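What follows is a pair of complexes built around chain A, which joins chain B in one and chain C in the other.
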Partner chain A sequence: MAEQNTIQTRTDKLKQKFGRQNWLAAGVLFLAALAFPIFPGVEGWMASQASLIILYIIAAQGVSVLTGYTGLVTVGHGGFLAIGAYTSALLTKYFAVDLLVGIIAGGLMAAFIGFLLGLIFLRLSGAFMAIGTLGFAFFIGTVANNVPIFQGREGISLPPNRILGLEIEDLGFYYVSLFTIGLITLFIYGIVRSGVGRAFMALRDSERAAESAGINRVFYRTLAFSISAFITGVAGVLNAHIVNYVSAEVYADIWYSVDFLVATVVGGSAVLMGPFIGGIFVVMVPFFFETLADFAYILKGVVLIAVLLMAPAGIADLLARPFRALRRRQLEQAETGSTNEAKP
Partner chain B sequence: MFGQQVISGLATGSLYALTAVAVVVVFRNTRTINLAQGDFSMIGAFMALIFIKDLGLNYYVSLGLAVVFCIGLGILVERLVMRPIADSDWLTLFTATLGVYYILHGVAGWFWGRDTKAFPVTFDPTPIKVIGGLLSQGHLINMAWAVAIGAALYYFFKYTKQGIAMRAVTDDPETAELMGIPVRFIVLLTWGMAGFLAAFVGVLIAPIIYVAPEMMDEVLIKGYVAAVFGGLYSIPGAIVGALLIGVTENLAGGYLGSEFKTVTAFIMIVMLLAFRPQGLFGIQHRREV
Partner chain C sequence: MSAHLHCENVTVSFGGVVACNKISLDVEEGKVVGLIGPNGAGKTTLFNVLSRFQNVDEGEVYLRDKPITGLKAHQIIQLGMARTFQNINLFNEQTTLDNILIGAHRLLGNPFADMLALPSSRRIEAKLRDRAVQLAESLHLQGELDNLVRNLPYGMQKRVELARALAAEPDIILLDEPVAGCNEEETSELKAIIKRVNEEFGITILLVEHDMSMVMTVCDYIHVINFGANLADGTPSDIQTNRDVINAYLGEDH
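Showing the complex of A and B:
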């Protein structure tokens, strides 16, 4: 019995250590991102490019909550991006609200619409869900194009960004984006490790089995939709304020929706780091090959297919494999090592 | 006005139908929504353009060669991309075809440029009187092609060994395998058929629109919507869905304005899915625990 306890404490300690290492790595990454603007060789335009990457990552995180953890494929999150963007844009224009208010309002508005969409699509899955969400994105695009308040292709120009009363430029916006993504990542981490996250994943793995285990399908599906929409809506707010301009030209484009899905799949849809890698990929490929748009297309397709063939759980999962193997070995050693000691 | 809109809607719908049928045929045998279906057509249209313009071949010979080329393309995609991941989940299959879409898009843009090209065979706009309205001769020819291909497919699925085997694989791939049906070959044939249908759509639609890498995007979306409308498992359902979408969007375009064309198709599908998640002709498949 005592033996058993020592093994238990050893493995527990090791697991705690792994946990600390994870937090440390995340902390170092965050600090590096904080210090990024003072690195040598970093120029002004990079801050706004980095903000763009961050908002793509946030949008992909929204998709990963729905598609990765809950198993509902969405090709319509560009619609939530637009809802977040227009909500904040209209509030800023007509009520001169703070960016912080804009972010929260945009997210909540998207979450509300997401909740409704979740209710409408309660019984859909797979190909049916994909076409339904795509239709939603088209619908939102048409609304933005034709309802007068959104000013269609002319667009709405916004005043300079103010957060907490402070006027900010590119660099300040970068920090706003950075703190936003930090909070959202913690939020997703919390959800995934809680009962809610387990309910999502149970629904993903088998709806029938989850339901017979007492998981309320209606509640958790609409919850997943709302959370996912909230996150992508926040990304939409950032997307509006990064250029201080919203226009149907941008938000009627369904390729946003597809890009977010690609980012999620390439990075890894059910891995916390997945959207980060996917987001960087989706933004940087067209950026590097701006003059070679066709090559960017081909590269995107080849990478996508290569990932699906070789690492179906995404690049983040592929990169994490050696670390996981190392830790597993350490854990095994902790177990067998202690039994060997106890035997003689 | 109304009758006129309906008739020209049916003409466009008949081309959507060919794409929708291809989507259904591939989906029900491989669980894959083929997002590259439109790009198969686009490649077919480009090949026909080259055969006619640069090699000076006859229209029908070019059409035949484009069909052969697209069948090859379908088979190639199956062998290189789809077969290794055939047992994966739905999302993997879906995004893999998106990868093919990107590649074909990029390749077409690379070889032939992004600007639109006119197809060397002109669309014959001579109006012909049909019941209730006028229809241009070109549309009439396209409809005739669509009907002929539909009849050929009907014959194939009803009377040929391969067609019956294909339906058996749809119903139950495992039992089909046990009955000695070469499932892998049938799946290959399925993708070949997708290429076959795609080539016709591409070459028939090219004179109406134009030839460019993104020429088929809209048609693909409508074909996919039509296939879902019909329930994704039913070929007649897909055809009905495609014709319905062709007519409705034409009416919406005529009465509301052309920017409402595509969204009408989507509003239809969203309304349908909200009340009948399995589509109009769909069967509610028993889901396994």
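Showing the complex of A and C:
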């Protein structure tokens, strides 16, 4: 029994150390992102490009909750992006609300529609879910194009952004985006490690076994839909306010949905860092290969297929492998080390 | 009538095929009860009826005298009944520890508090984790807690599934072919564990199994079904000498 205890404490201590290392790495990254605008060589326009990357990452994080953790493939999250964008745009136009209110309202409206969609699609899975969500994105695009309040292709122009009463420009917007993604990442981290996250993953891996363990399929599926839609809805708000303009021309575009799915899958759909890598990839490919124009989509497709073939868990998972192997070795050493000591 | 689990005249048909025809059975509290029958006798269908994965055309199932055919599959565990699956149904992409913790899902408390990691749910989580580790130790899985279950050997996966069922703190467990596909060593190990679960934890067990020597040594009482209907019931020694049972398994000539 004493032997058992030494093993426990040794590996537990090591695990705590790994946990601290993770937090430290995340903290350093966040600080680097905070300091990014004052790095030498950084120009003004980069802040707005960085905000764009951040909002893509957030949108992909929304997809990862549904597709990665709950196992429901969505090709329709552009619809939630649009809902978030239009909700905040209309509130800003008619009620001159603060950006903070816009972000929360846009997220909540998307969550509400996500909840309804989750109920409607309760019996869909696999390719059927993909097609259903694709249909949803088209539906939202059609609504944006044809319902007068959304002003179709003419679009809605928005006043300069104000948050907490302060007028902000590109740099301020970058910090708003940065804090938003920080909070959302913490939120997802909390969910994934909680019983709710385990319930999502249980439904993904085996619905039957999950139900016999007492997991309410209807509740957790609609919850996953709502959370996922909320997050992508928030990205939509940022997408509207980064250019102070929304238009059906932009939001009826199905490529948003595809981009978010590609970002999630390429980065790693069930890994916290996945959407980060995928988001950067999806935004930077057309940026670096401007001359490619539409061929950028082909490049994205090729990378998607390559990742699916060679690293189906995503690039983030691939990058994490050596670290995980190293830690596993350390854990094993700690275990055998203490057993050897205990044995005479 | 105070059987722990009791079903009455359960009838299920798929199209023209009657899988269960007025099957009735009792599982007495604290006993290990076996459900056997030749292939296609309707055992799995009956199991799915008991765990609410299959609706009945007729009949009723009572868990501690409470009718349950109106409940949803996920509500059954709230009444203290857990189950395992015939071909192992684990959460393959997750670790042994997480599999056991998912089994403890019903003890979680408010999901919203849990999601936001409020102090109350952190306490619950810590307690569930400790219990999961203890459970893994008692089923000799302590070295596998951080390993993905899909990488575990078959016999161990069977034990993880049992640990997952036990994590919900049930007072009755339905085991669907607990030793199917296991080698001799794994079988005797699982047999000992099932005995212990029954005796130490005081959990009632109903099991479907094809391994006759296992059924005869582990069970206190046996129900035999054939062609979707009750054929016989009794103690293992009664069943071994029952003419109808012998005929059903070996054919009329014997």
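Following the convention adopted for this analysis, the second predicted complex is superposed on the first by the 340 of 344 C-alpha atoms of A that agree within 3 Å, B and C clash if a C-alpha of one lies under 4 Å from a C-alpha of the other, contacts with A are read in each partner's own complex, and residues count from 1 in each chain.
Throughout what follows, contacts are C-beta pairs under 8 Å (C-beta built on N, C-alpha and C of every residue); 3 or more make two chains touch, one makes a residue touch a chain.
Predicted model, so just to flag it, every value in this text is computed and none were measured.
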Which superposed partner A:Ile242 touches (first chain B, second chain C, both, neither): neither
Which superposed partner A:Ala199 touches (first chain B, second chain C, both, neither): second
Partner chain in contact with A:Asn146 - chain B first, chain C second, else both or neither: first
First (chain B), second (chain C), both or neither touched by A:Arg208: both
Which of chain B and chain C A:Gly126 touches, first, second, both or neither: first
Which of chain B and chain C A:Gly190 touches, first, second, both or neither: second
Partner chain(s) touched by A:Tyr297 [first = chain B, second = chain C, both, neither]: first
First, second, both or neither for A:Leu223, with chain B first and chain C second: second
Set intersection of chain A contacts, chain C complex versus chain B complex: 206, 208-209, 212
Footprint of chain A on chain C - complex, ascending: 51, 53, 72-78, 82-83, 85, 89-94, 98, 101-103, 105-106, 108, 111, 114-117, 121, 125, 137, 142, 146, 164, 168
For the chain A and chain C complex, residues of the former touching the latter: 4, 190-191, 193-199, 201-202, 204-206, 208-217, 219, 223, 270, 331
Residues of chain B defined as touching chain A within the complex: 27, 33, 81, 84-85, 88, 90-92, 94-96, 98-107, 109-110, 114, 221, 224-225, 228, 232, 259-260, 262-263, 266-267, 269-270, 273-274, 277-279, 287-289
Complex contacts: residues of chain A adjacent to chain B: 67, 73, 120-121, 123-124, 126-128, 130-132, 134-136, 138-139, 141-142, 145-146, 206-209, 212, 258, 261-262, 265, 269, 293-302, 304-305, 308-309, 312
